[in-house]
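Both complexes below contain chain A, partnered by chain B and then by chain C.
== the complex of A and B ==
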């Protein structure tokens, strides 16, 4: 997939086919599963599979340095990864509440560009669950466990789309005290 | 001011109807229905002479005592018909055509919605708002 590692910024390509393909995928899942939770779960699972593979391509293309904090990781995801793959840059507001919870705020979500509103009877559908899965899968491949969910969704009537990333403590990082 | 905008699909049934005031909708239905023949006639008369990149805009179809009827056909044989109050001063053709182009662009966005089946009659909010703004603006 990544033939040249130093491609530079990706050329502006027509994303309509990609957006329509994603829409068809979600529509088909809605036909296959009655419950919104099931559709969300499977979208997240698919995204996880994509994320574990996509991270290799991302690291090769972007050649980012090692991150030293969760905040740096979140900024890299927002400013580099989203820019490369979706062409948008979400903003990362300063989250003072705790040092392992961050948000990505998207004014305009390219994936749901053509979906005006959620269909009747699907009010708890998270249309872009795939993105959550992708971020979660990618982070896990670099040994960072995280919980990624949608906090706000424009399709549900909120003013912006907000993705929340909560970094979880790794059990291996616990220091084992030797019994004295 | 545009009093009625109707989108008619290839199979010749109305996909979207919007009229002000709503009570006259049935009357507008019959007017638009009769104008469909005129649209086909004008298109076949124009032939390939005035093919725009987006669609054919025959413009004014015919004037009645109360309204003027304008039509537009896309490359996929979807017709947009609009009725405008006759009392207003004459509109230039390119004003009407640019209105139809905006409608056409909005319509293509609506068709890209993955959830409804093609041919389902829906009232998407964004399209509704766009039509409202066009109806109040054309005067």
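== the complex of A and C ==
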């Protein structure tokens, strides 16, 4: 083969593939399900499946230390996991009111990079429900039950995208993944 | 690479949830409709094709386009080049990947050969979609004899 081709994939193209595939998936689910809640639930369910497997990959790739608090776990999700997989770092606002409720604030949401606005008639669609499922699935695999939902969504006109994580048990005897 | 992992996991979930056998093979066994996974792959392939560097869009020869798929597209999507490209010089091409990334986690050898086509549907659509953006109508089917090797047969449709 004589032509000169690119040496290797630009990281952008890899991310594009995931983002584009996700967009096609959401479009397909919107065709299959009339109600936004059903699409959201389905995306969340798929995300859960991904999260339960992704956490293994994450722990293998990163050298996270043992966590001692929910706050630490949330920071690791934001500063390490999001960075590795999506190339962005959500901010974690200081939360004094509750020991088990946290937020991830995304100024820019890479999943919806190519989405201008929600399709007509789909105002309750949580485009990135997959992310909530992934976080929930991953946490469950390290024995941390949590509710993960979207609190704000830029696609719905909010100024930022905010993911809320509510850990469901009070900190006591918890089993954490050990780093080998 | 982390980004590829996300795509691979998403692809696995999509296959688990969305794959359905082609309901209507049509007369003579020809596929008359794209499966859901293929049509999703087609959309993605089209968009990927549109985002390619400008110089790649100036292909004249069909063979150049296929070479491009084997090198650039495959490297961009699967981090490796296609292992071989054969043609009868009459519009049929067989692209062979000896260790197809989406089959590697499944098994090695003859186990699960029957399940393997599900994992190839999206990619068939992807190839078809990219070709479409580059100006070619095509029919893409995939064959697996022993995991993780597979072949994609591309038949360029004459106008």
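Methods note: the second predicted complex is superposed on the first by the 155 of 180 C-alpha atoms of A that agree within 3 Å, B and C clash if a C-alpha of one lies under 4 Å from a C-alpha of the other, contacts with A are read in each partner's own complex, and residues count from 1 in each chain.
Following the convention adopted for this analysis, a residue touches a chain if its C-beta (ideal position, glycine included) is under 8 Å from a C-beta of that chain, and two chains touch if they have at least 3 such contacts.
What you are looking at is a predicted structure, and each value in this text was computed from that prediction instead of being measured.
With both structures placed on the common chain, the touch criterion links A:20 to chain B and to chain C. Contacts of A:41 after superposition on the shared chain: neither chain B nor chain C is touched.
In the superposed model, C is the one of chain B and chain C that contacts more residues of chain A. Overlap of the chain B and chain C interfaces on chain A: residues 16, 20, 24, 27. The part of chain A that touches chain B in the complex is made up of residues 16, 19-20, 23-24, 26-27, 30, 113-119, 122. Partner chain C is touched in their complex by these residues of chain A: 1, 3, 5-6, 8-11, 13-18, 20-22, 24-25, 27-28, 42, 46, 49-50, 53-54, 57, 61, 84-87, 130.
Considering their complex, residues 109-110, 112-116, 124-127 of chain B touch chain A. Within the complex formed with chain A, the chain C residues making contact are 1-7, 9-14, 16-18, 36, 39-41, 43-44, 47-48, 51, 53, 64, 67-68, 70-72, 75-77, 79, 122.
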